[in-house]
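After the structure tokens below, expect a handful of questions from me.
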Amino acid sequence: MKQKIGFMGLGIMGGAMAANILKAGYQLMVYNRTPGKTETLAQMGAGVASSPRNLAQAADVIIAMVTGPEAIYELLWGDEGAAEVLGPNKVFINMSSVPPRFTRELGEQLALKGTILLDAPVSGTKKPAEEGSLVILAGGKQDKIKELEPLFLTMGKKVIFCGRVGQGSMMKMFINLLLGVMMEGFAEALNFGRLGGLDLEAMLDTVFSGAMNAPMFQVKAGNMRDKNYPAAFPLKHLSKDAKFVLDTAYELGAPVPAGQMLLHLYRLGVAQGWGDEDISAIARVMEYLSGK
Amino acid sequence: MKQKIGFMGLGIMGGAMAANILKAGYQLMVYNRTPGKTETLAQMGAGVASSPRNLAQAADVIIAMVTGPEAIYELLWGDEGAAEVLGPNKVFINMSSVPPRFTRELGEQLALKGTILLDAPVSGTKKPAEEGSLVILAGGKQDKIKELEPLFLTMGKKVIFCGRVGQGSMMKMFINLLLGVMMEGFAEALNFGRLGGLDLEAMLDTVFSGAMNAPMFQVKAGNMRDKNYPAAFPLKHLSKDAKFVLDTAYELGAPVPAGQMLLHLYRLGVAQGWGDEDISAIARVMEYLSGK
Amino acid sequence: MKQKIGFMGLGIMGGAMAANILKAGYQLMVYNRTPGKTETLAQMGAGVASSPRNLAQAADVIIAMVTGPEAIYELLWGDEGAAEVLGPNKVFINMSSVPPRFTRELGEQLALKGTILLDAPVSGTKKPAEEGSLVILAGGKQDKIKELEPLFLTMGKKVIFCGRVGQGSMMKMFINLLLGVMMEGFAEALNFGRLGGLDLEAMLDTVFSGAMNAPMFQVKAGNMRDKNYPAAFPLKHLSKDAKFVLDTAYELGAPVPAGQMLLHLYRLGVAQGWGDEDISAIARVMEYLSGK
Amino acid sequence: MKQKIGFMGLGIMGGAMAANILKAGYQLMVYNRTPGKTETLAQMGAGVASSPRNLAQAADVIIAMVTGPEAIYELLWGDEGAAEVLGPNKVFINMSSVPPRFTRELGEQLALKGTILLDAPVSGTKKPAEEGSLVILAGGKQDKIKELEPLFLTMGKKVIFCGRVGQGSMMKMFINLLLGVMMEGFAEALNFGRLGGLDLEAMLDTVFSGAMNAPMFQVKAGNMRDKNYPAAFPLKHLSKDAKFVLDTAYELGAPVPAGQMLLHLYRLGVAQGWGDEDISAIARVMEYLSGK
């Protein structure tokens, strides 16, 4: 018999991921801090929990997909938090983007209750979340991850084992650092070319015809053409991730010159009020820095 | 009847490109500053010119694929330089990587002799050069570029028209800026992950499974695994290109924060004596900055 | 009657500051985690506490001058920590360099016990500490700061009121950001001039003769001449402060491009094993980046 | 008998310097591209040349104080340029801010005519220029510099011998790199403190009371208070100098991370239309990057 799943956090990503779990036939209970977002899932057959505690009581496996450490603390130790009802028979999976150190410390706290923590942040944004083609970056006990693979594969096309708990978060920092650099480089180069009189389509053609042709550039090209940046991955979240990367790099003694540049530039986008737009709105930042 | 082609500059790229022209049945004369490199082409049937002037006299279309502005000046106005024998019946094609301003000024100088200049730098490194699958970034008179397309297509899979003369060079700066950023980001992220305890293969798997999966990363992964960086595109050339990007950006008033970071980091690689290794040796720079 | 003072943390700075309090006639008890450092002060007449709690019991005003937040937590809530014996009749003064947010939170925690927290980090390094000519950057209740001014003026030449508790820490971040930038700029420019063939004395003469002539450059010139960097302000501490600056800037939404560069460069010095040398050893980092 | 002096370039700096030469009793002829600026000096007794050539014919020592390499070329080889009438009996002194390489090449060109080139850029801006208290950074034949010291000391308080011709320009790059870093650091730290709720006067007091107290900060504090930046040293000139520093650093293989940051930030100020304001208008750039 399939486990009962609880899913907390129904944003752009979480909503789509929960829907895919449900479609795969799992019994699902959902919770969201702001209640409106549960409606679609309720209509699809999900139960709606009135609080994190209520959800955690009903579920064997509890998944969190929220905006960061503070939100996870709130779910666990806030009003009607889930922590009180956790125990040895439950698994807690954090799929949110958080620093590795936070995950390790969370693992130690949950271990006191006998609850296993897995960390399983994802690579991929809105579209892969909807299509169930995310890449799951899993850290924690390998046999538990193996056991839960069918659940993960309702949301993703692949599970990559990253090491002990916290290493999933580390892999997420790794891939988001690369993502941030590539997005910035794409925007910077296109802006440089624009000021140098190059045609946008000729530039895109050059990128798409050569070794730099990453799927991300294909996906974001439309935003660049339209100068319109509907959020698949909000800029403010990448700004936050860049800070996590820097904090982690500082602990590790890792040089991250590009990471530092990213924090500076994406933060500038947030300061300009573009935090809820897509990360590709970094193109706006380049124009802002150009003054033309 | 096909035009007689002269090809000057038989380095990693030029040697492979000249060979492809020859294989396509063109009558080809070659010249290289250091004579050894002409042998293979001579055995394949190319004529060998004793000087740039000698080559320019014999050819209708003269191609230069050298290391930059100084080398082009030397070919044209140095000892036994080609400039003296150029005239209205000849076309000069610069395929070397140079700043747009240099190309525009060169175009004006050659126009005084009635010689048409086309600029046609390429996107792609060693392997595409050998396979004839480069992307040709062409600037100059569009009808002339159209006329010479069969010649270009012996070296490349595609010709992208970039605008008036100098805009091919501008497009090359554009794409090399993106290339440099991506290569640096790849190396920085891999080094960050290494220090954070991630497995190299798991990191590569994560990159290859998602939206950041550019062909370049596939190509360079082997170097990263082996910690060995045989030059497909020498690091010192990318350092030079980064300087061209900055000079051009300064003229245009274009912000290039990543471009500046690149110049700093690739230059450091050159200072450490890694200039003749591949651009992927930027991984060495990241380790050097880590001190571990 | 003068208050009884307790002083915890007898490093380069703290040792000199405690000695000045003692010389001014205050009754002083000292504590240091590693016991050797208390000897000189004991010979001068200070009492030696066996634990932070022991010290806090005996003193009216408790001063901490340690390496950062972790060390302060340890003094207060670690083994035999001081917190348990704090109460309404005592004042706790943190003179260590910490982030403003930490100070504000500490203030709230001590307020629960009725204990007033003042923050009073200092501007100035080893020599001003010895000479009692530090600048005291004081945050907290202004009447309490006024009342304690005679105590502060045993250690410093001046008290600058910075605002509510935490603003002393903020001012310390402000001045250390400027200090770090100036030290880096001095080292970078001297290295640039060296590679350009300029004579060190001629460069120093140029700095000392013009508007850039800050006392710090006079003080550090000897280290630059000798290529020897005995710690007045250890590089690892400035690296840590740079991280505090970045964390604070992130919360404030403040752009700190130079601050980011500092973190990158000073951290590199720490990674090379130069953390216990003076901040002027950033000159070593510039040479390291030069490769010559 | 004193030499006859010719002075070309009567901007903020040049006008004041020429006046001081005149006041010292030298026979002076002046030239400026735009004629209005010669009037004050003519009223003080200077001759006014109708062209650079006219000036060079009449003078033994020809001084240029203009905006950079292009302007010097124009004075020498433009319409009615001075070069044609230069010869072994004349000395040409470039006091403009230019790259060292340019100065060395200019020296070689003038040597062909037997004319000695000295380079003597200055440290100091508007006020020291008016007061005759500049620092003269002299490169070239040491005996000739010695011989002309009385002339230099009408404009400055001190002559620092920097080495062969070009090394004066190198020293100027050195000191302007430091100046640019300090100005940026001052503005960045003040903006950081502002966003952190610190009082401007308390911040200035902290700077002025400690080791960072450079005369420049005293001088620029007024602009910071008034948020008004009348040009003593125009921002666009420092932007240009930052580019010269980077070009020179690239040739030397010198790491200049702060120099690169400067170019990025001061260029941004120029792009925003603040190029004619003082370098302290970098404070505007910091606010612009803050978005508040």
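Which chain is which? They are A, B, C and D, in the order written, and residues in each are numbered from 1.
Just so we're on the same page, contacts are C-beta pairs under 8 Å (C-beta built on N, C-alpha and C of every residue); 3 or more make two chains touch, one makes a residue touch a chain.
Note that this is a predicted model, so its numbers are computed, not measured.
**Student:** Which chains lie in contact with each of chain B and chain C?
**Tutor:** Where chain B and chain C share a partner, that partner set is A, D.
**Student:** Which chain is most remote from chain A in terms of Cα centres?
**Tutor:** D
**Student:** Looking at chain A with chain B, do both copies bring the same residues to the contact (over half shared) or different ones?
**Tutor:** The interface is built from the same residue numbers on each side, given that over half of them are used by both copies.
**Student:** Determine the centre-to-centre distance between chain A and chain D, using the mean Cα coordinates as centres, and give it in whole Å.
**Tutor:** 52
**Student:** If you average the CA atoms of chain B and of chain D, how far apart do the two points sit, in angstrom?
**Tutor:** It comes to 39 Å between the two C-alpha centres.
**Student:** Which chain B residues touch at least two other chains?
**Tutor:** Only 253, 255-257, 261, 264, 268, 271, 289-292 qualify.
**Student:** What part of chain A is in contact with chain B in the complex they form?
**Tutor:** Counting only chain A, the residues touching chain B are 100, 123-125, 128, 135, 137, 157-158, 160-163, 167, 170-171, 173-175, 177-179, 181-182, 184-186, 188-193, 195-199, 202-203, 205-207, 209-216, 219, 245, 248-249, 252-259, 261, 264-265, 286, 289-292.
**Student:** Which residues of chain D touch chain A in the complex?
**Tutor:** 268, 271-273, 289-292
**Student:** Which residues, counting only chain C, touch chain A once they are in their complex?
**Tutor:** It comes out as residues 243, 246-247, 250, 253, 255-257, 260-261, 263-264, 267-268, 270-271.
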